[in-house]
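Two complexes come next, and they have one chain in common, subunit A, joined by subunit B in the first and subunit C in the second.
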Partner chain A sequence: MPLQLDIASILLNGLQQGAIYALLGIGLTIILGTMEFLNLAHGALYLVGAYTGLIVFQETALTNGLLYSSGITTIGFEGGFLAALIVVPIVGFGVGLLMERFVAEPFYDRPETDQLLVTFGLALIVEETIKNVIGGNTFQSIAPQTIFGVNVSQPVNLPVVGLFPSWRLFIIVIAFVVIAATWLAIERTDFGLVVQAGTHDSEMVRILGIPINRSYSLVFALGAALAAFAGLIGASIQTLSPQIGTDQALLPAFLTIVVGGAGSVRGAIAGGLVLGLIISAMTQTYSQWAQIVLYLFVALMLVFRPEGLFGSGEVGE
Partner chain B sequence: MARETTALSRRDVLKASGAAGAAGLTGLAGCAGGGGGGDSEYPSLGNYPVEGDEVVFGFNVPQSGSYSQEGADELRGYNLAVDHLNNGGGWADTWSDLSGDGVLGKTVTSVEGDTATNPDTARQSAQRMIDRDNAVMISGGSSSAVAIAVQGLCQEEKVQFQCCVTHSNDTTGPECVRYSFREMFNAYMTGQALAPVLSEEYGEDLNFYQLYADYSWGQTQQASMEKFFTEVGNWSQLESVATPLGTSDYSSYLSDVPRDETDVLVLNHYGLDAANSLPQALEAGLDQDMEIVVPLYNRLMAEAAADSIGGIFGTVDWSWQLDNSPSQAFVEEYRAEHDRAPSYAARIAYTQTMQYAAAAERAGTFYPPEVIRAMEGYEYDNAGLGSETLRKCDHQGQRDVLVTRGLPSGEQTEDRLLEVVNQTSRDKLGYACDAGPAAECELGEYGDE
Partner chain C sequence: MSGDRSDGGTDVVPDGGTVTEGTAGGSGGSALAGLRDRDDFVVVAMAAALVVFPFLLIDVLGAIGEVIGISIGGYSGLPSLVLIYGIIVIGFNLLLGYTGLLSFGHAAFFGSAAYSAALFSQVVPSPILMVIVGTIVATLLAWPIGFVSIRRSGVYFAVLTLTFGQALYFYALGPGAWLTNGDNGFSGIEAHGLFVGAIPLDAQLIPVFDSYTVMYAFAAVVMLIAVWVANRIINSPYGLIFEALGENEERVEFVGLNVFRYKLMAFVISAVFAGVGGAMFVIHEQYIHPTTGLYWIQSGDFVIMTVLGGTGSLVGPVFGALVFEYVANVISGVTLPVVGSIGSLWRFVLGAVFVFIVWVFPRGIYGAFSDLGSRLLGGGSEESAAADGGEHE
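And now, the complex of A and B:
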């Protein structure tokens, strides 16, 4: 296979995977940076996003679970993907607000181990609840046939790369629009300024009279909305099952902020992209080494640059 | 074996100590040494003798993980079998060995476990069924790695294992055990059945490229495809790439398939893996440049890619569309209960339960070595696939294999996604006891030597 073709497809696949990692990483990193709160339920938010997307996107037949045994054999609204694009982040935002108020806030001043335990417990509860209510079934991915009047079910012929799934191109574009908007919101708005200041020294922000608690809620909800959005994007290309929150979201999110640096939005974006590209490049060239190289890279980052690419301090410091 | 008849097994001790609480072991020797005090004509072995009015079967299926959807349908098959064994109906009415009034006068009850599609979890779950629930038979699978792990445990514990969905050559090859039987065909037979059909359909001297799930099944699957595609159609393998079990995004693997050189892409994935890899291959437009083959179809993957499976070949264990009376009797019973056609996983689960019960009836006892002997070399034609034999030398079912092709989306119905294009006779399949995977099979002890 020609080298330029290899490089082009590695870049595209890496961008697509990296975009999901970045969305997850941004959410996790702003929560960690601002509140110093380790959220192991971040994968559960991805899961909520994926299932909300499924429900909004289409009517789906159930074959087991509590709803099925209660006589409800289908769920969903046939709302389509655009509706899901709007509803999923809103639901994620709402869930984030509730989570911050009832789960995170009581644990802000508790040891990190308590935070880990309570959020991991929450993740299990969400996963098991979905499994019991909707059923442990695997549902098919929810990619639409058309969006904005464009047919995205067929591959497009790109220069150099050749045929590439058009839906994945769309995903790359929309994910980066959301990432860019988040970055601008953090960098260019007053709210973003408070968040940034909070990640550096939340005590000082409070002393300056800024109501940082309200910002905490918003930051948490924003992080949750991004994770849910990532879940929707993931669900549009891969099958859904209750395990995806832990399998496909939680670990990549943590790896992303280890590489990018805790508390840095720029770091999460860079970390996500770097990881996406490593996975994509290794899978396409020496696939058996993909996971080994990925974790080796993260381990080397921890040894030689523990603050990450853009972090201000060591993870967990 | 003398050891089994006179000494306390670890499980005897566990059971006895559970029953006696803090009484200590000294008071138990007489209780356990006589074979558990049952109505036995044989010595204690495994969970024999079966005490009380009930006999317990353990159904160890994936209720989570990559193959969970299949596990759910297996359970439906198992539960239907238990119902028929106890109350009549289905094959219990037509198999002469079965009474429809329990097995050997005992009511069949069952326990369920979740293998999580993980060999270690599956072993723990099976161990619980054996120790806590006194199961005399465990059945399950989906994932050959799971089936192999559990059948190994069952050999150690002298408890019968009835393979459900497991398609790796290893299950009845190097990993075979005396206490396990497999009716399902294997990867070797898939290669034998598929290669002639494909070379006739697509031609000879083609290049093929394989992706395979990187565990027991996928490895033997890709080796078998390579062997038969190369031998039968004189095809050449460009590359064979392993993908970890449970991979959800295959885009990078698929990007690496050389479109201009590859004539046939073989996706050796199953269940959830295939439900991702097949649609993603089509999404990438690979079907525009080459033929795609999925050697082992299942319902989940056919449904996952329903819009695009038209013309794609593969094999299946059985199809509800088969027009013979055992198949249709089972389909009717299943439909009455679940309002749709059964998958082949449900049929294997159902068959394996019936098969064990029938063997116990023929043996006249649950004593494991006698049940095994009643099954070894057993010939039958009442399970929907024509004449079948449970071969004695490796416990591999000798049976026909169905080659199927995906229907165009316009011709599909909810249940009918595939059409059967060829029922390859068992005479054209398989291998001698000293050849192929069987050459590496050492079954091990019955337990009464």
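And now, the complex of A and C:
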């Protein structure tokens, strides 16, 4: 295969992986930036999204599951992944609200080591709950055959790139739609203004009389919904097991915001894409070294550009 | 990062039953004067605890288990395993509990020591030399990692240590497989020969009690040395600076001390303990794999043990190691009347207990007990008494 084709597929795969990292990173970074709360349970939210997606996908599939056995799917509508696309962010949002209220809030004024410790414990609990309730075994990815009536099971022939899995193409599109929507919500709405102001100086926002506590809940829930959504996307392209919460979500999310700059949404998107491209390029060339290069790259970033690509260098210290 | 966990600057030194108070800011002069006595006392009390520990863990709990019909006694290898993790978390606590730095990458030192000890055993299968070699490798590794990580604080420090640890893990799993045997790991690592002689490590020391093995004696001696060294550090002016760093880094800087140097030393010292533990782990388990040795969850386990047991006291974390390993190895095998088999639920229970402890008792199980003890003994405002350096019995 000629070199240019390799580069094109590296770029596309990098975009797709980078989109997942960006979704995770945005959630982590707005929570860290606004509330100065360090959430080691972010990977657990990814797991919640992935497993909720799995259950919804199975139960609303055409041929078996809850909907099928109750006779609803006779209308010929493939619920599967579409239903998961709607249900998963809602579940993530709800879990985020609960987490903010019962786990995060009591720890806002505690040392950040305590925040790390309690969310680390929470992550353990979620992971173990999934293991004991759903099972610790591996599940196949839940990519659908068709979505919106379009067949996505076959690769498409793209110019320059050549054959590329159409499902992955779909993922890139939908992930960037969500990222763009989040971006607009934070850049163009009043809610986003409060979040941005809170990132800079939450005390000042409170003094101005803005009910920042309500914003806190919303920010936390939004971050959780994004993480859950990332989990759903991840579940559609990778096998699923309870361990992936840390390896494929929590650690990449942290790496993403370190590269992008803590507290910056723009940074999370840029950082996610940079890391996605690195992973994609390394996987297609020296796959054994992919993870090592990723981690060392981040370590070097921390040493030589500690504030990240777009960060202020103050958040999280 | 401003960890104000060691409130008032008092730490309480446990010693198997009685409670004596450690030194702290308030009682600097008398503490230095009584240092030698206290040193001896801590080591002797620890030695006494180590003598009865396997008996309590295996024979007494085993007997109780027979009565109630649930096997809650430990097995013969468990006491050594608890001591090995205890050694590690005593060192880890010097970093987390005293200096206030939360590392999520100590598996790197544990694992590198374990691997180098395992490799060295193929040349000279001497347990003592294996520990020395493993510790040297861990120390040499800790220096550059600490040098880079210490530059950042808070979450960045935690993430940096984590990234180095993970890079090492993936190296051991993939490109470094020629050295580490990759995903297959090493098994059947044997330590015998020099120093401990031709006596097998699982040989019984005392005929009646099979829990007292040569391995246990070896681990107990190393544990005593570790406790002595850690106690020495904590009660030295050097250790007081570690503690001051945990309370207020800026103030230490304003006094004119080189904060970077002290933090780096705390990091390296804690890595030395992890290295000793890693080499001992390989000798004890005769097995090492990237997941048990280098994966970040192993670092997380050190964190859990330390916080469970209690930061800010010398051997508090050892209680955490005991609880952790006991739950992991004994409780996980228990079958309860109503709940049924505990099995893989143990980590769930542990996570829940961990969250509870962080939430309600930031100073851990040991801290909670010593608070309770001083409340019962002192009655009234023990908080202020503790701030003055504790009360004398």
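Keep this in mind: the second predicted complex is superposed on the first by the 294 of 317 C-alpha atoms of A that agree within 3 Å, B and C clash if a C-alpha of one lies under 4 Å from a C-alpha of the other, contacts with A are read in each partner's own complex, and residues count from 1 in each chain.
Going forward, contacts are C-beta pairs under 8 Å (C-beta built on N, C-alpha and C of every residue); 3 or more make two chains touch, one makes a residue touch a chain.
All figures in this text were calculated on a predicted structure; none of them were measured in a lab.
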item: Touching partner for A:37 - first (subunit B), second (subunit C), both, neither; value: neither
item: A:291 touches, of subunit B and subunit C: first, second, both or neither?; value: both
item: Which of subunit B and subunit C A:302 touches, first, second, both or neither; value: second
item: Touching partner for A:168 - first (subunit B), second (subunit C), both, neither; value: first
item: Subunit B versus subunit C as contact partner of A:310, first or second or both or neither; value: neither
item: Touched partner set for A:136, first subunit B, second subunit C, both or neither; value: both
item: Touched partner set for A:254, first subunit B, second subunit C, both or neither; value: second
item: Footprint overlap on subunit A, where subunit B in one structure and subunit C in the other make contact; value: 131, 136, 288, 291
item: Residue numbers on subunit A that touch subunit B, as the complex places them; value: 1, 6, 9-10, 13, 16-17, 63-64, 131, 136-138, 140-141, 143, 153-155, 162-165, 167-168, 237-239, 241-244, 247-248, 279-280, 283-285, 287-288, 291
item: Partner subunit A, residues of subunit C touching it in the complex; value: 1-5, 96, 100, 102, 148, 151-156, 158-160, 162-164, 166-167, 170-171, 174-175, 296-297, 300, 303-304, 307, 344-345, 347-348, 350-352, 354-355, 358-359, 362
item: Subunit B residues touching subunit A - in the complex, by the definition given at the top; value: 63-65, 68-69, 72, 241-244, 246, 248-249, 251-253, 255-256, 258-259, 272, 275-276, 279-280, 283-286, 288-289, 300, 303-304
item: Complex contact set, residues of subunit A against subunit C; value: 32, 38, 106, 110-114, 116-118, 120-122, 124-125, 128-129, 131-132, 136, 246, 251, 254-255, 258, 262, 288-289, 291-292, 295-296, 298-299, 302-303, 306, 316-317
